[in-house]
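Shared between the two complexes below is subunit A, which has subunit B as its partner in the first and subunit C in the second.
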Partner chain A sequence: MPNLTINGHAVEVPPGTNLIEAARKIGVEIPHYCYHPGLSIAGQCRLCMVDIEKTPRPTIACNTPAVDGMVVLTETDRVKETRKSIMEFHLINHPLDCPVCDQAGECWLQIYYMQHGLYDPRMRDEKVHKPKAVPLGPHVMLDAERCILCSRCVRFCDEVTRTGELGIFDRGDHSEIGLFPGTELANKYSGNVVDICPVGALTDRDFRFAVRVWYLERATSICPGCARGCNIEVHVNRRRPHHNEGRRVARLKPRFNADVNRWWICDAGRYGFAFVDDKTRLLAPSRREDGAVSDATWEEAIGAVAGALRRFAPDEIGVVASPKMANEDLWALRRVLEQRGIRRVAFRVPPREPGDEDTVLIRGDKNPNSRGAELLGLDGDGAAILAAARARVVKCLWVFGHDLLQCAWDAAETDAALRAVPLLIFTGTNANATSERAHWVLPAATWVEREGTYTNFEGRVQRFRAAVEPLGQALPEWDILGRVLQALGVEVSAPRAERWFRELAGAVPVFAGLTYQSIGDGGAKLP
Partner chain B sequence: MRGQDGTDAATRASTPVAFSVEQLAEVHRLQGLYPDRRAALLPVLHLAQETFGYVSLEVEAYVAALFDLTPAHVHEVVTFYTLFFRAPKGRHIVAVCHNLSCHLAGAPMIVAHLRRRLGIDVGETTDDGRVTLQSVECLCACEHAPMMQVDDRYEFGLTPEKVDRILEGLR
Partner chain C sequence: MTAEKILTRNFARADSHTLKAYLETGGYTAWQKAQTLPPAEITEEVKQSNLRGLGGAGFPTGTKWSFIPKSHGGPVYLVINADEGEPGTFKDRYLLERDPHAVIEGMLIAARAIRSATGFVYVRGEYVEPYRRFATAVSEAYDAGYLGKGFDVVVHRGAGAYICGEETGLISSLEGKKGWPKLKPPFPAIKGAFGAPTIVNNVETICHVPHIIARGAAWFAALGTKTQGGTRMYSVSGRVTRPGVYEASVAITLRQLVYDLAGGVTGNGRLKAVVPGGSSAAILRGDEIDVTMDVDGLRNAGTMAGSAGVIVMDETVSIPEALMVVARFYAHESCGQCTPCRESTGWIYKMVRRIVEGRGRKDDLDTILDVARRGAGTTICAFYDGAVGPYVSYIEKFRAEFEALIPR
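And now, the complex of A and B:
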C-alpha cells in the first residue's frame, strides 16, 4: 500500500487511489469539477491541481495515482494562483445569472469562486451566448451557457446507463452539451445527471423554481419504489409552504451506499413521491354505513376493529398485509394476529403488469419490503383468502394499502369477494377503489412521515426517518396496530417505531442482535 | 441558398445511405488498424462524405451503427471538425484564409468580392450548386498572402481580377 505525505500528514492508501481520494482520507478537500468517483477520469476541468515534490509544475490530482513516498502539497501559492486562474477561465463565458438559476445555493461555481476565486473579472468582450432552458427530456432542463463542459453527464450516460445520448458538440468556446438532433434524454436514470452536474446547466424540471434550496430540510431515508431500497435523502420544504403549492416533499436525492445504489437512483423512484401530498390522501378515520361515509375518531375506529377481531372467529378473519409496510408494522401486525390466533394472512398481491427490471438498480418487485414480510412469516395465499371471502367463510377482511381491484386477480371475482364480506377494513395512505368499498378506513402515514425499516431483496435492513409530520390524523401502521393490540388487552409500552423493532429483533432469530444504532445510515445485511 | 446548418429533407430522402460491399470491407480494414476501432471514425467519415456528398444526420447515424456508437458520439466528431460538410456542398469549395497574414494583405476585401460575385455569404452555396464559399484559418502559405484554397489547389497573391479569372474556370 502506497504511503505518502499530503500537506505534511502521512497517509496510506490502497494502490491505484488517486490524490483526490487520498487527500479526502485525511480531511483535505481538493477542489474539482469533472472528477466523480463513480465515473471514469476525464481530466477536463483542470481545477484539481496540486504540487508534487520534484514535479516542475502543478499536476491534476484526479488522474495521479498515489505512489509510495510521494510528497503532495495542496495549498502552495502556485496552486492557489492556478486555481484562481482556472476559475476565471471557467467563468469567462458564464452568464452570471445566479439570481434566476435554480442551482444557486448548491452550485460549485458559487462555492469554489468564494473559496478559490475571488478575482476581479477581466472579461470585457461580449460573452458567447448559447441556448437556455432547453428541455432535454421529461426530467432534465439544459442551460448551455452555464455548462463548464466537465462531461460528467456525458460519461454517466456512456458508462452507467450505457445509453450514450449526450455529447459535446462543436469546438472551443462554442462547445456545447447536447443530444443528437431529434432524440431526447429519457433513459430510466436521467435525473442523476442533474445531481452530478456541478453547476446550473442541468436542472430538474420537476423541482425547478419550486423552492430555493436553502429553505429545504433533509432526512435520510430509503426509496420505497422497489425491492432494491436505494438510499435517499428526502428534501422537504416546511419553511416556505407557499413556494410549492402545498407540496411538502420537494425532491428526493440519492444518498451514497456502496452496497446498494452507489450514487444513483432511478427516475421512477426519484419522482415517485407525488402520492405523499396528493388529494387522495386519507386524512381521518372513517366509517361507511348504508352507503354513507362519515368521519370517526381514532377511539371509535380502533374500538370497531378490535371488536371485530374479537367478534369473528379467527378462521373468519382474513388479512392482506402489504410489502410496502415496514418491518415494525409487520411485526405489530403479527402480534395482533398471534393474539387472536388468526392464520389467514398474506401480503403478495400480483400486479397486472410485471414490473420492469434491469441490471443497474431497478427490481421487478415494486415493493420495498417483500423480504421483510417473508422473514416475518406473513407469506400466505392471498387468492385463497379472497376465495374464502367469496365462499362466505371469511367474514372480516382487513386490507393494507392494496387496491385489490387493480391487480392481476380477476376483478369480477375480487368484486364478488368484497361484496360478500360483511366487514371490510382498509388501512392505507391514499384512497383507492378498495378503500372506497371499506366499512372502516384507518388512514396511515406515508414513509416520509414516520420512521421504520425495510428489508431489501438482498436481506439488507435499512432505516428511514421522518421528514415531515403525518397529514391530517394519519398514523404509522405500527401505531394503529399497537392501539388495536392494546384494545385487545395487551399492554403496549412506549409507542415508538424503535420499540417494535427491538421486540422483533428479540423474537425473530434472523434479526437477532440488530438495533437502530447498529443499522445506522448504511443498513445491516442479515446473515 | 442552403445554409451550413439543418439538412435538406428532399436531398436526404433521395440519397440512400449505405456503403457498397467494397466500401464496407474498407471500413473493416480501417477499423482493424487501431487498438480502439473508434479511431477509424475520421477516415470512415471522409469516405462517407465522398460517397454521400455531405455528412447528413442520417449518415452520422449510419456510421454510428458501423462503430457500435450512439449517433451523439459521431455528431461530436462531425461538429468538431470544419472539413465535414453537414449540408449539401457545392461542386467546388472556395476557402479563403482569414488569418493574420492574409488579413493584413487584404483577405477581407477578397471575401467581400467573392460574396458579391457569387451572391452568397460565407458558409453558403450558390443556388446552381456550383460553389461553396468558406473563410478559414491559416493554410500555411503566409508568404503568398492573401491566398485561398480552391478544391485541392492553392491560389496565391489574390486580387479581385485574379479571383474573377479563377471563378471563370469553375464549372
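And now, the complex of A and C:
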C-alpha cells in the first residue's frame, strides 16, 4: 500500500489509486471534468493538474498513480494559475447561456469558475457555433455549443453499455459529440450520460425546462423497477407546485452503491415514476355496490375488510400479495394472516412477457421485493387460489396491486374467478382492470410517499425514504394492514414503518439484528 | 561543408528506386552483416553512432530501441513514420520515391535489434507517388526473399491529418481509431500499437541504420557533432535561389545552408527571417543564422532542429501574415482532444487574423503571448508546444511589425 503526502497530510491508498482518489480520501477535491471513476482515463480536460515534488511542471492527477513517498501539492500558486487558465480555455467558446440552461445550478462550469476561475474574460471574438437542441435519442438532448468534449458520454457508451453510439467528430475547436450514422442513443442506460455530463450539453428530455434545480428537494431511495434495487435519489418539486404540470416527482437520479449499481441506473427505472402523479391514482377508499362506486371513509373500509376476514372461514379467504410491497407491509400482512389462520396466500403473478434482463443491472424480475416476500414465507400458489375462487371455494379474495387480468394466466379463467368470488378487495396505488372489479378498494401510497425496505435478489435489505406526502387519502400498506389488525382486536403500537421492521427483525431469524440504523443508506446483506 | 552524400547518394540515378539499382550500389549488404550480429550489439552500435530521430523530436534512436522490455514474450512492432506533414518539410518523400529499399533494409536491421516480426509503414495520405514507389519496392523485397522470412511489412496510408504524424496519434490511427495522441505513460515502447511494445522511427532515421551497420558507429558519429552523428536532409523552401532537399552534416550552419547550398536569397534580397526546423520551430531573425543545425545547437539558439524544414523569408514577406497562415494551420489541425490546444489555437488564429485585417486591439499581442504561454506544456502531446513556438517567437522578434497593423 503506497504511503504518500498530499498537502502535508499522510495518506495510504491501495496500489493503482490515482491522485484524484487519493486526495479524496483526505477530503481534498482536485477539480476535474473528464475523469470519472467508472470510466477509463482520458486525461484530456487537463484541469486536474497538481504539483508533484521533483516533477518539473504540473501533472494531471487522473493519470498519475499514487507511489510510495510521493509528495503532492494541490494548491501551489503554479497549480492555481494553471487551473485558472484551463477554466478560461473551457469557457472561450462556451455560450454562457446559464439563464436558459437546464444545467444551471448543478453545472461544473459554474462551480469551478467560481472556485478556480474568476478571471476577467478576454475572448471578444465570435465564438464557434455548433448544433443546438439536437435529440440524440428518446431521452437525451444535445447542445453541442455547451459541450466541453470531456468524452465521458462517449466512454460510457463504449465501456459500460458497449453500444458505441457516440463519437467525437471533426477536429480542433470544431469537434463535436455526435451519433454514428444510422444510430440513435436508445440503449437501456442512455439517461446516465446526462448524469455524467458535467455541463449543460446533454440534458434530459423528460426533465428539461420542468423545474429549476434549485427548487428541488431530495430523498434517498431505492428503485422499485426490478429485483436489483438500484440506489437512487428522488428529486421532488414542492416549492413551485405550478411548475412541471403539477408533477411532484421531477426526476430520479442514481446514487452510488459499489455493491449494487455503482453509478448507474437503467432508463426503465429512471423514467418509471410517472404512475406516482398519474390520473389513475386511487385517492380515497371506495366501495362498489350493485355496479355503483362510491367513496367511503377509512373507518368504513377497514371495518368492512376486518368484518369479511371474520365472517368468512379462513379457508374461504385467498390473498394475492405483491412483490412490490415493502418488507414492513409484508410482515404486517403476515400478522393479519396469522391472526385469522389464513393459509391461501401467494405473491407471484407471472407477467405476460418475460422481463428483459442483461449483465449490467437489469433483472428479469420486475419487482423490488420478491426475495423479501419469499423470506417472509408468502410464496404460495397463486394460480391455485384463483382456481379455488373459480370453484367457489374461495369466497373472499384480497389482491394487492396486481392486475390479474394483465398477466400470463388465462384471462378468461381469471375473469371467471373474479366474477365468481362474492367479495373482491383491492389494495394498490393505481386503478386497473382488477381494481375496477373490486367491491372494496383501499388506496395505497407509492414508494416515494412513504418509507420502508426492500430485499433485493442478492438478499440485500435496503431502505427507501419518503420524498412527498401520500396523494389524497392513500396510506402505506403497513398502515392499512395495521388498522385491519387493530380492527381484528390486536393492539398495534405507534404506527410507523420502523416499528414493523423492528418486529419483523425480532421474529424472522434471517433478519435478526437488523435495524434501520444499521441498514443505513448503503443497505445490509442478509447472511 | 558539403559532406559525403549518404542518404541521397543514388538520387541522381533515374532508376534509384529499383532493387537492381539498390543492389548495384551495395544495397542489402548491411542487412547481411546485421544477421551475423546479436540484436543487442546492433542497438549498441546505433547508440554509439549518436543517431538522433530526424522526424522532429531528436530523441537518440538506439536509446529508444533499448526501451523495449527484454522479458516481453508477445509481439513487438516496428512502425515507420512516413506521415511527413510538418510544413516546410519534404525530405521523407524523396527517400520513399528515390530510395525505398533503404527504408526496407533499415527496417530489417531495426526489427532484428528489437526482435520484431512485423513492421508498419504509415504513409501520408497525400503521398500518392511515394506510396506507389514504396509499395512496389516492398513487393520486390518479398520476391527477392528479403521480406517474408521472419519479418513482414504492412504499408498503411493515412487520411491526411497532421496529428497522425505524432507517434501516438499515428498508432491510434494505425489501430483504426481516430488519430488522437495517447496519454503517456505508458510510452509506446512499453505499450504501443495494438497494446504491444512498439518503436516508431522516422523514414530518414531508419535509412541511416544500414550505413551505420555497414561502416560503423565511429564513422557515423564523426560526421556530426559531439552529441549528434551523421548527416541529415534539409528541406529548404521560401525565398531562396535554389529551393530543394540538401544532404549535409548536422554540424552545418544555417548561414551555409541558406547561402552556400540554397544559393542565398532570391534576387539578392535581404534575409529577414528563417524558420530552421519546420513550422513548429521558433523563427530566427536574419542576423541569427550563425548557428549549427544540430539538435543541441538550435536548442541553444532558442529554437529547434525539428524536421529540418528550413523556411526562408526575405523583406517581401509580412511576418504577421506568415503567422496568420501558421496559426490557421494549427487551428485546423489541432485534434481537439486537450482543452487548451483545442480552444486556444482557434482563438489565437482569430486574433492574428484580426490584426492582419487591420482590426487588431491594443491588448491583442499581449493576450496572444499570455494565452500561448499558459497553454504551453499542459497538453498530452507536443502539438500545442509546436504551435507556441511560432506564436511567441514571431511576435517577440517582430513586434513592431504587428503593432504597425493595429489601429491607434
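Convention: the second predicted complex is superposed on the first by the 526 of 527 C-alpha atoms of A that agree within 3 Å, B and C clash if a C-alpha of one lies under 4 Å from a C-alpha of the other, contacts with A are read in each partner's own complex, and residues count from 1 in each chain.
Everything that follows uses one rule, which is that a contact is a pair of C-beta atoms (placed from the backbone, for glycine too) under 8 Å apart; a residue touches a chain by one contact, two chains touch by 3 or more.
In this text, all values refer to a predicted model and were calculated from it rather than measured experimentally.
With the C-alpha superposition on subunit A as described, subunit C and subunit B clash in the combined arrangement.
Judged by the touch definition given at the top, the superposed model places A:Gly27 against neither subunit B nor subunit C.
Of the two partner chains, subunit B is the only one touched by A:Thr183; subunit C is not.
Legend: residue contacts after superposition of the two complexes on their common chain; A:Asp125 is shown touching subunit C, with no touch to subunit B.
Once chain A of one complex is fitted onto chain A of the other, the partner contacts of A:Met49 are limited to subunit C, with no touch recorded for subunit B. Looking at the shared chain after the overlay, A:Asp170 reaches both subunit B and subunit C.
Counting the residues of subunit A that each partner touches, subunit B and subunit C differ, and the larger count belongs to C.
Contacts of A:Pro99 after superposition on the shared chain: neither subunit B nor subunit C is touched.
When both complexes are aligned on chain A by C-alpha atoms, subunit A residues 167-168, 170-171 touch subunit B in the first and subunit C in the second. Here subunit A touches subunit C in the complex through residues 41-47, 49, 57-58, 63, 81-82, 85-86, 88-90, 92-93, 122-126, 128, 148-149, 167-168, 170-175, going by the rule given at the top. Residue ranges on subunit A touching subunit B, taken from their complex, read 163-171, 178-183. Residues of subunit C touching subunit A in their complex: 161, 163, 178, 183, 185, 331-340, 342-347, 350-351, 354, 361, 363, 367, 371, 374-375, 377-380.
Those residues of subunit B lying in contact with subunit A across their complex are 57, 60-61, 69-73, 75-76, 79-80.
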